[in-house]
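As written, the chain order gives the labels A, B, C, D, E and F, with residue 1 at the start of each chain.
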Amino acid sequence: LFLCSSLLSKIYWRVEASTGQCFVAANFVNALSTDKAEKLIAEAAGYGSQLVLFPEVFVGGYPHGSTFGLTIGSRSAKGKEDFWKYHAAAIDVPGPEVSRLAALAGKYNVFLVIGVVERAGYTLYNTVLSFDSLGKYLGKHRKLMPTALERVFWGCGDGSTIPVYDTPLGKIGAVICWENRMPLIRTAMYAKGVEIYCAPTADALPSWQSSMTHIALEGGCFVLTANQFCRRKDFPPPPEYTFGGHEEEPSPETAVCPGGSAIISPSGTVLAGPNYEGEALLTADLDLGEIVRAKFDFDVVGHYARPEVLSLTVKTEPKHAVSFTSTVG
Amino acid sequence: LFLCSSLLSKIYWRVEASTGQCFVAANFVNALSTDKAEKLIAEAAGYGSQLVLFPEVFVGGYPHGSTFGLTIGSRSAKGKEDFWKYHAAAIDVPGPEVSRLAALAGKYNVFLVIGVVERAGYTLYNTVLSFDSLGKYLGKHRKLMPTALERVFWGCGDGSTIPVYDTPLGKIGAVICWENRMPLIRTAMYAKGVEIYCAPTADALPSWQSSMTHIALEGGCFVLTANQFCRRKDFPPPPEYTFGGHEEEPSPETAVCPGGSAIISPSGTVLAGPNYEGEALLTADLDLGEIVRAKFDFDVVGHYARPEVLSLTVKTEPKHAVSFTSTVG
Amino acid sequence: LFLCSSLLSKIYWRVEASTGQCFVAANFVNALSTDKAEKLIAEAAGYGSQLVLFPEVFVGGYPHGSTFGLTIGSRSAKGKEDFWKYHAAAIDVPGPEVSRLAALAGKYNVFLVIGVVERAGYTLYNTVLSFDSLGKYLGKHRKLMPTALERVFWGCGDGSTIPVYDTPLGKIGAVICWENRMPLIRTAMYAKGVEIYCAPTADALPSWQSSMTHIALEGGCFVLTANQFCRRKDFPPPPEYTFGGHEEEPSPETAVCPGGSAIISPSGTVLAGPNYEGEALLTADLDLGEIVRAKFDFDVVGHYARPEVLSLTVKTEPKHAVSFTSTVG
Amino acid sequence: LFLCSSLLSKIYWRVEASTGQCFVAANFVNALSTDKAEKLIAEAAGYGSQLVLFPEVFVGGYPHGSTFGLTIGSRSAKGKEDFWKYHAAAIDVPGPEVSRLAALAGKYNVFLVIGVVERAGYTLYNTVLSFDSLGKYLGKHRKLMPTALERVFWGCGDGSTIPVYDTPLGKIGAVICWENRMPLIRTAMYAKGVEIYCAPTADALPSWQSSMTHIALEGGCFVLTANQFCRRKDFPPPPEYTFGGHEEEPSPETAVCPGGSAIISPSGTVLAGPNYEGEALLTADLDLGEIVRAKFDFDVVGHYARPEVLSLTVKTEPKHAVSFTSTVG
Amino acid sequence: LFLCSSLLSKIYWRVEASTGQCFVAANFVNALSTDKAEKLIAEAAGYGSQLVLFPEVFVGGYPHGSTFGLTIGSRSAKGKEDFWKYHAAAIDVPGPEVSRLAALAGKYNVFLVIGVVERAGYTLYNTVLSFDSLGKYLGKHRKLMPTALERVFWGCGDGSTIPVYDTPLGKIGAVICWENRMPLIRTAMYAKGVEIYCAPTADALPSWQSSMTHIALEGGCFVLTANQFCRRKDFPPPPEYTFGGHEEEPSPETAVCPGGSAIISPSGTVLAGPNYEGEALLTADLDLGEIVRAKFDFDVVGHYARPEVLSLTVKTEPKHAVSFTSTVG
Amino acid sequence: LFLCSSLLSKIYWRVEASTGQCFVAANFVNALSTDKAEKLIAEAAGYGSQLVLFPEVFVGGYPHGSTFGLTIGSRSAKGKEDFWKYHAAAIDVPGPEVSRLAALAGKYNVFLVIGVVERAGYTLYNTVLSFDSLGKYLGKHRKLMPTALERVFWGCGDGSTIPVYDTPLGKIGAVICWENRMPLIRTAMYAKGVEIYCAPTADALPSWQSSMTHIALEGGCFVLTANQFCRRKDFPPPPEYTFGGHEEEPSPETAVCPGGSAIISPSGTVLAGPNYEGEALLTADLDLGEIVRAKFDFDVVGHYARPEVLSLTVKTEPKHAVSFTSTVG
């Protein structure tokens, strides 16, 4: 749909719905993930997309089915070795992989939002990087709170990396996986004016779609969610990797994370997806005028807020265990 | 499912899903609404329900299709007359209607959560009242922010009436209609430990179901939503009452607010409803152990919160335009 | 050694070195754990002990070998059921189990420091409770940061529960398991003047003894460490429970957490233990004058500190996601 | 073990475990100490070592058994003369001895970490100098707080000389003797990312080994500790020099500081030493991948820190009694 | 001399010039020192004194001739035992000895300035306490930097305890022993307006008198210096206690600290003393008008200062290695 | 004493203790003063002196007994004429007299420190010039603050002329007359490392000796003080010149400034003087090793400073009433 109002922007993009990325050794070679990223970005750009969103930790990978050798109260040498590999596969920010991703964004003239495993010393973070269409790295968001077993291999982000970027396409931000269940970080994003709310995830349950719709309504914004698509065969066999939610060992072709990527408008209309079939690119045209129409009814941090009763404080300073200061005083 | 553990409660109840209550003159007589309430409570209790939830402003009514004679910049004498009637139909809290509702709760041995139009001087509030099964009035919640045209006939609540009651059935609270879209009031409810989250509403859109599912997941609580069911014929004919969202005047039988009441578990499973067919009572057994299982994964104000980054302050004092004080100074 | 100076206290105590407590259903009944506690307290008191220390989460239990059904990215219904039981077995603070423990301390006239699993709503904490010999509950410490898989079933403590109690026996405090590896919480304890440093734990590695000796030297305090003693047979069989650190399934009699309780003086002398043989009570007389002699050489927060270069800030306020305040402002 | 990953470094080195350096006049001639240093460096390099660590104040010497003529409230002329000699034997930084040490590091192609007595005007400091394998002087660390009698002949360092050097071998830093008991300076080192933690010392007690093991675990780093080896005969006879810790005058061959140098891995494994036998060179291969494996479990300034509760501030500016400034103001 | 001007005050006092206090066990009993203090205060008050000054560490004692068993690099058990006794003999501030001293000041109606050994946890301080003539404890000064061997048994004060008290007798402050050599703390005292500058000390050299005269001129204030008087026989025999400054063991009657107390006017006139003969009380009338006359010529922090060129900053906050704060922020 | 160590310097010099220079017209001719200077320098050099110090304003003269015709609120023409002469007798720096003094230092191979009256436009300064033994002018120090009546004919120096020169003889600096009472400028000199502290003065009181001794102790440096020696007859008769401190007009032979030059070691030992008898040259050998021995006990800006509590800032930029700058802004 072509819209000519000066208030509206025509935005095409492709959401990378699934990746097949997995936790096998080959995939740890970051060059491969970024190679795959290039192939998908090129394809999306070929359709005229202006923004391309990838799932959570597309670079670095999500170790579905592993336990890093942990049971409660014990560890295995094998698990430590797995972590050593996983740490090695993570990327420094900035670093060579970031530079390559920036170059891809510039080469294909797209805004790029992509999940990575970030290495900061010896602690890893679940991070989303953003790039503009000129190939400039915009910044990063670190997931505030890992979920379940993730807490043993990812650290917690803080208030210094909850960015929303004001771009020619609109205000873009990202919230990762179950962070999207945290009402306070969503409210922080709304307060920063997010218009294109990216939700890279690893959750493929049907209820995820309810949350995405709710967020579109609550925030009066477009919601883009990109999930992974991967099959049992993409991971090492049991007992090294197991899938606890299944009573029996799944067949090799079973999708252990079956996607579900989707694009939803501020009024809660599903524009594309959810796609649970396989690797796919989803695309939609966004009419930013929808945001105005939605916020006429409900502006969560504007006319519909009650700041004299309910006020959220976001501490934006970085949290460091140790601060070095040369200030005399 | 019968559960005998001391940690689990067997709770049966019937949710009043629709009412047919409407804005005709007769309906302004509160005694009629409470008469209808008694009939429904009795029926629910007959099924063994321990908690009965009614929709938003069941007592007092929701004036679907009216404008109270307002266009921008003008008013009509007829609209003022309508408001005079609507004001008269509202109830004082406490007051005789409150006493009668309390008596009903005690008589039928149920917890009762019911929407009313509250009159406080010359300002009206969209209020929910709660009663225990011994017939004791527990308190009230006033909707914090009315929606759209509601702002011309309802005032705003404040932080002094956001209660959660710790009862033998679990911790019970209510959030009204689009308040449910406000992430901060929900977070306040979660912080108070709500386990049985009541959402009386007037929103019958399909997207409402997404929000209800999301809230169950976000809050790790049971969500009970009760909406009105009313038809075009329940309201005065045009042009006095009109239904702007329809291109043509709806037929008399058209449901202008078609219900959609539902009961959802903390894991996002829909236990009953949504029912869009007509007036109905919905019922479900609740296993509070589901809350533990859900919060193991996600405890929004517990292990999954990041209070050092994101902290909400709720001002709980009443907001008065004028305060009288004998303190010199 | 009997010392009569008014500056020195004769202190006998028994460290509860192992418990056999485990994660089987029967053990979830808190009464059983507290029954066992009473037996041990009585025995220790019979030897004239004035302070009795129990291991980490003695009440509630440490689920060695479980995973709560988690692998990365998936959950099992069985795991949720396990968590439901574990949550049920935890105790409220205050609550009936706390009252019983207080009564035991008073009955046997001992100071009591004991690990419990604390339930606060739907989040659990790894907590240590302290009681004086008159039967008064003194307060609690919540472990600041759970280790590895613990992060999926325990929340994080904050700066409001890092107590040191000034008692007739000396200043008593507790730091739990790998918290003892955190140099900043230890420094906070030293700044509060801890003299009898209790380290309930689940770590039975030989390197744990090095840390305990180091802390005694660093803090110039007595260190008492109590670990669990439990065998493979105390837990459910594989595959439900597995012990990742062992290449093969251990035999039923294998100690999966083989104790290592010990008592160390401020000069680094091991006064009792480490005992890896089985359940046992360890005892030692403490001469508090040793602290003076040790701090003559090294007073970590006194003459040997350099506060103008290195200063630690401890935020002692509770961290709440939501604060309710009635302050007008 | 040979490891070829780009993330791992093969590092051989020899720790200079003992020196026989002492406080006799001849040894005050710095050329002799640096001559001895060259001999040891050459030997270590001959074994393929890439990093060579020397004990505390190898150049300048540690005056074991002296009192500089002090008793409380009095001084002797002889003690002042001793101090005059000791001051003369100290070295300026930079200065000719520093240049010679730099040249040695370059000649033998090793990283060099070596303790010296530094002269800054009329105050002396216990300092460690570091050099890279190209013969470049990297910088110095001054001991923050001298121990016991050291306080009468050494000044206190400040926050401007707590360096960690990022080298091709890993991040290298040094903490001197009982500074290693100071939890806050250790935490500062961890925050700077130290991977090869050098602990030159004069403490030969068995408890020193516990501290070294603890630091390796706490910091997730390799710990190299080099102590002096010197005998009674290396010092002047009594009553000029006395050894208070011995009831009788020790025999000439008695080791008054019997070494104890050691190398410990991040998991607490002792890779070499402790050697208490005599002068010796210790050596070990370091696999830096061990750091990743250790920090997976415990990253003291990363995922296992709680900066919102416990935060350390390090003031890095030099502390001067007098500042000269030409800033107009 | 009797002076009647309203600007001048007649002040009599007695300086306690010597004490015989020593380091034998009996003297460690603080009651004895305060008994002796009472006898001397009573005698001074009998002469009409309004202010009584005692020497450095009159309560607690100065361990002349000891080494606490230290030689460089070694310690003795005997020395630790000595420190244990010395720590026991020190006093808490506030505490029972402080209360008794306050009562004495009130009973005899004198201002009292007296040196004590203060115990703060396990670190000791060289402290001066001040009391007014109504028996009120005014505050304390901790010596900023101990001298020589003192650094092994006393900690350093900070900028929070450099008080000057504005009393009816004039502005009173105290600077201890070689602190009087520190030009910056003296300048801080001058800036606080000190008029009666008390210098309790343990220095009996003739050059001490030069410094006292200089300070009177520099500061334009009265200087009162009180030193100890003690003989060799007051201390244990060699080798336990030795006096390094003497070639031979002194005879029992030799004064190892021979006093030298004196009172000096702002113009440098010696009003009383120095007395090196034995225990004695010195007394003088002070004409505060002398201060005005002296400052006409030289006002060190007034007309004779050059603050635009030379400015001193005094950091007055307490220095704590650890700060506990409940401030949300 | 002959000392051959490279750390020790043999330094002979003669201090010009008195000069007979006076305020008669003839003495205003600078050539005469420098003639007299040459005679004295030659004599001192003949004894082997390496450094020669002259009193305050040796060149230009100190107008003892004059008032420049001022009473408060009035001036006399005669006084203005006197100032015209005094201004004419002052010297420009640089200028011909400076060149001649430099030549003298070179000719006699001595370091020369000499007081002059400096003319800078129409303001005069009390200045000390320094020269090395090669005949090079090193720089000047202007007295920071004139005393009493001096303030009517001398201006104030600033922080740009507080030099200490690092020479083969040691670090040399000068502080003039009552500047020596200013603790902060002394501290600045100590911070610059002054070892040979020159104190040219016009103060002949006995208390001056106390200050000189104190400074030697405080600064751990040699103090050389040179004062004038002049008699009543050297100045015009009354009433033009009067000497207010004497009740009667002194006899012609009375010394109105009777010298008192002296040389003092860092330990406070008086090496030469004070001489109050008449014009004289004083001489002493200096052993710089004394400085080390003294600073072992007390290093005022080193180990005995507390910069984190007390810190002095010295503004070293010149102070100009008007600054011309081409910086736009």
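One rule holds for everything that comes next: contacts are C-beta pairs under 8 Å (C-beta built on N, C-alpha and C of every residue); 3 or more make two chains touch, one makes a residue touch a chain.
Remember, predicted model here, so these are calculated numbers, not experimental data.
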Revision key, fill the gap. In terms of mean CA position, the chain most removed from chain B is F
**Study point:** Farthest-lying chain, centroid of Cα atoms versus that of chain A
**Key:** F
Point to revise | Shared interface numbering between chain E and chain C [over half = same, under half = different] | key: different
Exercise for review: Going through C-E, D-F or D-E one by one, find the pair whose contacts repeat those of A-C for over half of the pairs by residue number.
Suggested key: D-E
Check your understanding: How big is the gap, in whole Å, between where the Cα atoms of chain B centre and where those of chain E centre?
Key -> 76
Point to revise | Approximate Å spacing (C-alpha centroids) for the pair chain A, chain B | key: 36
Point to revise | Distance between the centres, which are taken as Cα means, of chain E and chain A, whole angstrom | key: 68
Practice item. Specify, in ascending order, the residues of chain A that touch 2 or more different other chains. Key: 68, 75, 148, 152, 156, 184, 319, 321
Check your understanding: Which positions of chain D touch chain F when the two form their complex?
Key -> 68, 75, 80-81, 83-84, 87-88, 120-123, 152-156, 319-329
Review point. Any idea which chain F residues touch chain D in the complex?
Key: 5, 7, 187-188, 190-191, 193, 220, 289, 291-293, 295-297, 299-303, 305-308, 310-317
Check your understanding: Across the complex, what residues on chain F touch chain E?
Key -> 144-145, 147-148, 156, 158-159, 178, 181-188, 205-207, 209-211, 213-215, 217-218, 267-268, 297-298, 300, 304-306, 308-315, 319
Review point. Which bits of chain E are touching chain D when the two form their complex?
Key: 62-76, 79, 148-152, 184, 202, 241-246, 256-257, 321
